[in-house]
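The next part holds the structures, each set out as structure tokens.
You will see subunit A twice below: alongside subunit B first, and alongside subunit C after that.
Then we have the complex of A and B:
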């Protein structure tokens, strides 16, 4: 017999976990969902963000979330550079589909190996007052190391969503996703806008990395586990719809948490695929959002 | 190259390798040779879909490991000769390709690629949880000391792999020159145009995925006997996936010889880097080489060689290839 309290606890933990997955998937929702750039290396950038957070935390004693935000401009610049390279080498030649995918796969691999070579293959973790503390309501236990990433992630998604809705540049980013030629006719350079958007997407990796290292110790190759999850969340959420993506991430988080608690944690990475494949096969427009 | 010359050369090559094998006394040569041939087979298999049709499979490790674990599982039930295990591995990986293809190939190529990447991760989770084939702690496989035709068992595996690698190259060459090959390259250049000109795009793509998966499964089947101990992290090693993609891209994806050149070259580079620098750096090297080639020489070494050869007589090539690039859109 399953203990109902355990189920409630697992569901709450799953919601928190899903909120964090949404932070990882956010960059992919922008790059892939809106700009059509299949950035497979995003999860590796997230791990790079986790390592830079670890550096700032262990040397300067900075709070992980603050460290993640502080590094975001650097990641923005890196993302802009990656987009420039991608544009010059592939997008401009019109062979983005095949070669671009291989490019990002190579980039994923290089980022990983570079992290191993500079920081070593060991697990790293950070120190913060909310790590190891729990928050109890009745018999419900919420570890703060899960609650903080959840809240930061939701705030980050909301802020970016408002930015895309309210500002001129944000609207231009949405426009480039819908019709690049039309944008060019309106006198806005699509390349500049896409570079900016890709930079933003990469900047979220810095914050997501900080959240990752708050939740669990991190080693360089851990990013791979998030590729399936993040893309599943973006596709299931409907390509570029932020709230759809958050909703899909939370469903994914709850399912993983229930399976881990009731069955076996080592099955958790398989669940994202269980979501992704039927979505691609039978409902490619996702839960909310545009048709592929 | 004419048909007669191709088959003649391949026959001569096999005889020469076999004769050279008679002279070799050091077991290591067969170990190293096996690794090279395995990569020729994997790269050629990947190229059937990735190079000819332009659909990138990131899940080579899943197909390869399926073949390997099929052998482990069958070997626990009954003792079967390796050639039968190879057939079993091929059939099961081909079936996996069929399912994956039908479910994801109707969409844009990008979604197929992401699904294959996720496939490798999920399949690793399945194997890790399946204690009957060793689970997370891995499986030991008894390797007989002697091969069935005299010589050591590794030597036997080497010749099996040689036969499969040659077979796959011949298959790739035949496909390249058949209606199927023309259909696949039409898909790569412009799928919409191919479809409207009556190319059965979905059928060809699924067929290419099945063939490619079958060959990868066959490549994996002898692996448990080659390594004698197999665990999920080594069977699903990312370096298989990266190498399988990097080799055709470096060699050139448009012709059958490209993956062969890439496989030989990258294996040699990695062996050298492993000895002279470090094992982490050799993977970095493969990644950098791959990015450099796809960015600067999208047709690989074969493309560079062709351009150089034609450039000596006239400069028209660069114009023509530039034109071809423009015609190919995502």
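Then we have the complex of A and C:
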């Protein structure tokens, strides 16, 4: 018989895990979901964020979350530069589809090799008071290593959502995804707005990287493991919808957690991704998103 | 295929080794030793250690006059940790670079090299691979890790021996491993061991390699209340499993197994006191340093260069056995009087090789003729930090009897002790 307490523990663990997935997927929700830029290299940027967090944590003793936030402006600038390169080489010439995909795939490998050359291939981790401890409420046990990333992720998504809703630049970012010409008529340069949006997407990789290295040790190529989950969360949640993406990530997390705990861990990804197919069959726009 | 600059540097370093180190000057053609090695991708942490060790060996050999009067030259390419790249690399090494000797490393990266080696009749000097020749049964394959003739079982045999010596004897076991080659082999062996010792298997599952949170896996295991838990895992999973077990306060009588990663200084340092009482395997550790005094000289050369390169700064796991592989190659070529593959294979089967990790004699399957895996229990660790692992008391050898430095402590205690 299924123990209800075990189910509650698995669901809570799944929610925490989903929160972390959402942090990784947030940058893709902006780049792919809003700008239609298939940034396959985003998980490698997340790992770069994890490595920069490791540097600040091990050399300056900064808390990993603070380190991730501190590096966000640097990642913003990096993202802006990457978009300019992408625009000049592909988008401006109308060759963004297949060539763009190849560009970001190449960037993924370049980022990994750059990390090996600069930081080495060894596993890196951080020190923080909330790693390795958990708090207990009755029979519910929550590892703080998972709770902190969940909380930071939700706050980051909420702040970015408010930014997009309440500021002129934020609304322009939403507009550029829908109608570039209309945006031009409003006197706003789409390239500038796209550059800003891509910079923002890359800045979230810095924070997501900090959350990743809190959860587990990292090595330069570990980002590849998140490509599938991150894109699935964005598509399942609905292109351009942050809350949909968070909701989808949590569904993926809960499914993985429940299947691992109650049934067989090796089935977890298949069942979680299996959820994607019927959802898209019956609701092509995703759970909370715009029409594809 | 891509030849990375580091690969080119390796070739140059190998060729110029004698000049740099002021050893003998050579008129003879170099002996070309070719290999594919992961310098990027998930296995780079291991591959770069092996590469550095082989460079150190090449420098040592060239400084001492080479092999049969010929310098050695390393020719290497990055396989990016991708087995699909391996066949192309070895084809190029043999057809274009015209290598004389062939080296492979790792289970997943040796398997795709085997058909090419077999087709060309090359002797395979292999390291860090588990049970590769079980299916190929190639008479010119030689592997240096001390698994012995029953590869799959050796990665669990010592663990179960130790477990069955507990009082009272355990009755139930949970088996869990990553859904990947090495871990599956390890858990297969553990399953056989469990049957042999009459243990009831109450949990027998695999998990997918990209698992992030191992809490649900540990909860699933804890729900079956096993006496002992055997884990076959890769580095990141090992870390996730141990962290989750500690965070959920899961403490069976014995926890551990074929856990890759508990040999790596950075991962051990990161886990620190969470490793207390965990039992895993080692090939070499400070507790047995006195038994293998020549390892120290290799590590002295390796450690400062490893720090600069950002790879395992202690190097207890890969470098000693990697260096031993190359010493075997050296002695085999000397014994054969050249690079004739048939003669080398004969020498390999007939000789007991003297290496930094002790005497090595190969059995008919090309594995060690007897297993010598060390099973260690982590003890007395405090907080985090890798320096504490240089202390011989941090890893107590509990099996085999010939290398034992202490008794098993059970049941598994708290992390903070």
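The definition used in the following text is that the second predicted complex is superposed on the first by the 269 of 292 C-alpha atoms of A that agree within 3 Å, B and C clash if a C-alpha of one lies under 4 Å from a C-alpha of the other, contacts with A are read in each partner's own complex, and residues count from 1 in each chain.
The rule is short, and it goes like this: a contact is a pair of C-beta atoms (placed from the backbone, for glycine too) under 8 Å apart; a residue touches a chain by one contact, two chains touch by 3 or more.
The shown structure was predicted, so the numbers you read here are calculated from the model rather than taken from an experiment.
Shared-chain residue A:264: touches subunit B and subunit C both. Of the two partner chains placed around the shared chain by superposition, subunit B and subunit C are both touched by A:113. Using the contact criterion defined above for the overlaid structures, shared-chain residue A:122 touches subunit C, although it does not reach subunit B. Once chain A of one complex is fitted onto chain A of the other, the partner contacts of A:146 are limited to subunit C, with no touch recorded for subunit B.
Judged by the touch definition given at the top, the superposed model places A:276 against subunit B, while subunit C stays out of reach. Of the two partner chains, subunit C is the only one touched by A:222; subunit B is not.
Once both structures are placed on chain A, subunit A residues 109, 113, 116, 221, 225, 264, 266, 268-269 are touched by subunit B and, in the other complex, by subunit C.
Within the complex formed with subunit C, the residues of subunit A that make contact are 3, 6, 9-10, 13-14, 16-17, 20, 109, 112-113, 116, 119-125, 127, 131-134, 141, 143, 145-146, 215-217, 219-222, 225-226, 229, 253, 256-258, 260-262, 264-266, 268-269. Across the interface of their complex, subunit A is touched by residues 4, 39-42, 44-45, 47-48, 81, 176, 179, 205-213, 215-217, 219-220, 223, 235-236, 239-240, 243-244, 246-249, 261, 264, 266-267, 270, 274, 309-312, 384, 415 of subunit C. Residues 38, 40, 85, 89-90, 93-103, 105-107, 109-110, 113-114, 116-117, 221, 224-225, 227-228, 231-232, 235, 264, 266-270, 272-274, 276-277, 280-281, 284, 292 of subunit A touch subunit B in their complex. Within the complex, the subunit B residues that touch subunit A are 50, 54, 56, 58, 103-104, 107-111, 113-115, 117-119, 121-122, 124-126, 128-129, 136, 188, 238, 242, 245-246, 249, 280-281, 283-284, 286-288, 290-291, 294-296, 298, 325-326, 328-330.
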